[in-house]
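Below are structures written as structure tokens.
Next come two complexes, and both contain chain A; in the first it sits with chain B, in the second with chain C.
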Partner chain A sequence: MDLVLQLLFTGIGIGAVYALVALGFVLIFRATNVVNFAQGEFSMVAAYLMVVFSVDLGWPYWLSFLLALGGMALLGVIFNLGVYYPLRHRTFLPVIIATIGASILLANSVLAIYGPQPQVLQGWFDTPGIQLGPVYLDSQYLLIIAVTIALVFFNYWFFEKTLLGKKLQATSQDKEMASLLGISVSTMIMITFIYSAVLGGLAGILVAPVLFVSIQMGSTIALKAFAATIIGGFGDVAGAIIGGLALGVIETFGAAYISVPYKDGFAFLVLVAFLIFRPQGIFGERVAEKA
Partner chain B sequence: MKLTRRDFAAGIVAGLAAPHVITGARAQGATIKIGMCAPVTGPAAESGRYAIQGAKLALEAVNKAGGILGKQAELIVEDDQTTNPGIVLAFSKLAAQSDIVGFLGSIRSTQVHAMAPDVLKLGKPVMIGGTDPNLTHMGNQWLFRFRPNDSYSGRVIAEYGVNTLGKKKWAVLHSTDAFGTAGGKALTAALEKLGSPPVLDQGYANQSQDFTPVVLAIKQSGADILGSYFTFENDLGIFARQLRQLGVNIPWVGSPSIVNITALKLAGPALYNTYGVADYAEDSSEASKAFGKLYRDAVKVAPDNQSSWPYDAVTVLAAAINKAGSTEPAKIREAILSIKKFPGAEGEYNFDQNGDGLHGYNIVKNDKGNIVFDKHIEFND
Partner chain C sequence: MPLLEIRNLVVRYGEIEALRGVTIAVEAGQVVTLLGANGAGKSTTLRAISGLAKPTSGEILFDGESIAGLGPESIVRLGISHVPEGRRVFPGLTVKENIMLGASNRKASSAQISREADAMFDLFPDIRAFADALGWTLSGGQLQMVAVARALMAKPRLLLLDEPSLGLAPVIVQAVFRIISQIRKDTTVLLVEQNARMGLSVADHGFVLETGRIVLGGKPDELWGNEAIAAAYLGGHAKASA
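Here is the complex of A and B:
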């Protein structure tokens, strides 16, 4: 039982990381109908910004955190104007290829500036974790889980209770109709990119103390987060979070009880099973319809 | 001044002859060239810089001592881009220069495998740092290794854990890539020979984000010592932290990555009191200390195996050519293979007929972040 509880906590913790990045995927997909393959690199860039502000410059952690998220908001604007906006009238394929190109550019730019060596970023808390009976609770994972839960409520409030959230929803559902109703579609898409970059950045900053800061950190997480969005239902906020958590738990238990080297295989086995038997995911629409 | 027909003819002749005279003169005072494939760009660019520095320091020492066959030695570096196609291209560029008498290859076994067919075709000596045992056992007589191969690291880890630390119940943890699998197998075989087969043989995939299942498996196995082969430092760092957080404090003897500067930085106190096998340990011999001082003074960073093996490779190659008295490849080969008791930064070189110069490893301990030399274990078979 102790083993199960420990694995469950770790699975939920790592799943929460996937969920945070998956949320970014979903928001951009809803707004633009394309998958942003640079979402993982948003996490990596934010983590490096934290290293620059907090470690290299020695600024306070909270200030570095705010500046890093501010930097991500700026990156969201640049990304929208530089990658999505020029191709907005094209089919989804050129936009997807452009996001892949942007992800390669981001990764190599950071590599050129910072070099290949992984960096250490301290967590929010001085205490690495707490022992609760037989289970060790890593403080950074606790924070990640808490932030994920908070984001569930925040997203619900933001998208369902605020005018801006409703405008964003309207834009994602029908751009022409939203435009006819006086909503500035391009502004809404810009806001979506900013929010998505900030969310990706938040995930990167939260996970950096656990996984270290490296060029590859974004792509590793993004691959699983992408699988999580399909499992949860592409385009569904709740689905992204449930999908992420489910994936984290499945791969952790799969590694413990079946095979450690094939841990990643379980995630993609579940993904393939969903694509065959329930392509619309747990909550979402059919992928074929969206595409 | 009047230009006569004779003056004109003499001028033409002088003009035509001049390039040949100059080339001839250059050939008279030509340097001895050594080619080096190194990662100037790509993920290993930082370690590539250290490797080039190591080779250059050796070259300076060789030239100060009179050079090679009375001539100054010169290093020609080509970027291998840290990739297999990159090193094949770099080597072909160097191989095209017929006046290069010997080469330095890579520290990465996979890159040495990639360039090996071209090395065989060229038929000139190539010094390597890759530790896959197969590299010097696949019929390529032109590869000479300047680091101990992985069959020795497995034996040294097992020997130290069983005979020095007195531990019998082993958990063996290794990456499932070529390096980790070969290392894990070598360690398991050595433990079986010593009568202590591992109670857990656990592989993991590179770039794992979480090692909780692995740590719990080690805990449940009842192992009283851990032996490991990690390929990437960030995997090692995540594992080390989770191992300590989940309360596993058994002795741990790891492959060279456990004492790597990056691993020490990432894992911090989680690696305190662990042991590692290291081909370069600054305090292991007078030659190692001398290299350490030379390197620190020149480069201003701590020396490690990235710089020590190219340093030894250039030194040994120069000594072999001087001993052979010729740049003929077959004679250089014979001279390298005849080198015995040669004190290098990595250890004492005693080349066997396969081209392996070193036959043991140093054991070092992580003493609160400082790497302290413990002992050297050498094998004679």
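Here is the complex of A and C:
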């Protein structure tokens, strides 16, 4: 029983990271109808920005954190203007190819600067964790879970309670109608890219001390997060979060009870099972609302 | 000076010439109805006015200023609201949220916009009960009411209405046209209709569009009086009801 609780904690912690990246996928997909294949690279770049500010330059952790998130907001702007905006009137395929190209460019730019050796980033807290009864709560996982919970509430408040959130939703549902009402569609899409880049970046910064900071970390996280969006029901915000958490828990239990080397395999096994038996995902039927 | 003046408007979609030199004028305070068969260019005319379709040539003057080639976001700020074909109510937002977003063309606090949206239900009492229902759950008539209410939130000087009667039961069509005759007290209306009888019943002036050209214009009774036109565009029973 103790082990189960311990695994549940770790699983939710890693699942929270998938959830944040999955949320970024979903928000961009809803706004532009395109899957952003560079979403994982947002996490990777943010982790390297932390290495630059916090390790290489030795600046305080909180300052590095703010600067890294600021850098991600800027990357969101550049990504929107450089990758999405010139192709916005084309079909989805050129845009998807452009995001794949951007992901390769980002990964190799970082590789050219830092080389292939993984970097190490300290966690936010000096204390490694606390013992709560039978369960050891790692401080970094606690931080990840706390930030994710806060973001889920923020996301809900932003999209459901503010007029700007409603304008973003309107834009994702019908761009032409939104523009007829005087909503600036290009501004709404810009905001979506900034928000998604910051979300992805946050996930990367939070998970970096748990994993190593490496060129591949982005694609690993992104694959899991993408699987999470399909399990949750593609295009659904709640689905992305639930799917991410579920995936984290499943792979943690799979690794502990079945096989550690096949850890990544469990996530994709679940994905395949969903694609066969429930391709619309957990919250799939609600996709009908968008029809 | 007319509120809206269109001269020799040509719109091409690729090889297809949807409008081949349309000239109409809408005086302030009027309801003007644009009639014509499917594919005559009625919707394209409205889309060109609101900025959704780029004019190939010709002039569109609103209040004496050229608006041809401006984007829809700029045109709605000048005071032209377009209720497009199919109503286009946001399916995943509630009725009240849809209506509130109609004010996106002007600066107002969200509390102010929320009050104005509540007041809008006085004009559309039939949808008050559905304020918190999502757009996709509504019937065609309710959607039409929401779409018009949303457009009025922009406080337009000119309202463009595309086929408000399309797909609605006769009793609902009458409700929609009652609303149009209320709106006209404050707003100029350019109405596109296939239902000629309803369209002309509220109009001060009508135009008949045929394959991208205006072939006839005049007061509603003049249009009813033109037998050949009445038979072709206004339905075979035109004479009986005229």
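As a convention for this text, the second predicted complex is superposed on the first by the 283 of 291 C-alpha atoms of A that agree within 3 Å, B and C clash if a C-alpha of one lies under 4 Å from a C-alpha of the other, contacts with A are read in each partner's own complex, and residues count from 1 in each chain.
Keep in mind that, in the parts below, contacts are C-beta pairs under 8 Å (C-beta built on N, C-alpha and C of every residue); 3 or more make two chains touch, one makes a residue touch a chain.
Quick caveat: nothing in here was measured; it's all calculated off a predicted structure.
Q: More chain A residues touched by chain B or by chain C?
A: Of the two chains, more chain A residues are contacted by B.
Q: State whether A:Ala228 touches chain B only (first), chain C only (second), both chains, or neither.
A: neither
Q: Could you tell me if A:Leu3 is touching chain B, chain C, both of them or neither one (first, second, both, neither)?
A: first
Q: I'd like to know which partner A:Lys263 touches here: chain B for first, chain C for second, both or neither.
A: In the superposed model, A:Lys263 contacts chain B only, not chain C.
Q: Using the touch definition from the top, say if A:Ile241 reaches chain B (first), chain C (second), both or neither.
A: Neither partner.
Q: Who does A:Glu176 touch here: chain B (first), chain C (second), both, or neither?
A: After superposition on chain A, A:Glu176 lies in contact with chain C alone.
Q: Regarding the shared-chain residue A:Gln216, is it in contact with chain B (first), chain C (second), both, or neither?
A: In the superposed model, A:Gln216 contacts chain B only, not chain C.
Q: Of all residues in chain B, which touch chain A in the complex?
A: 43-46, 176, 202-205, 207-210, 212-214, 216-217, 220, 233-234, 237-238, 241, 245-247, 262, 265-266, 268
Q: Which residues of chain C touch chain A once you look at their complex with the stated criterion?
A: Per the touch definition, chain C meets chain A at residues 50, 52, 71-73, 76-77, 81-82, 84, 88, 90-93, 97, 100-102, 104-106, 110, 113, 134, 136, 150, 154.
Q: Any idea which chain A residues touch chain B in the complex?
A: My answer: residues 3, 6-7, 10, 14, 17, 111, 115-118, 120, 128-129, 136, 138, 210-212, 214, 216, 220-221, 252, 255-256, 260-264.
Q: Can you list the residues on chain A that touch chain C in the complex?
A: 162-163, 166-167, 169-170, 173-174, 176-185, 288-291
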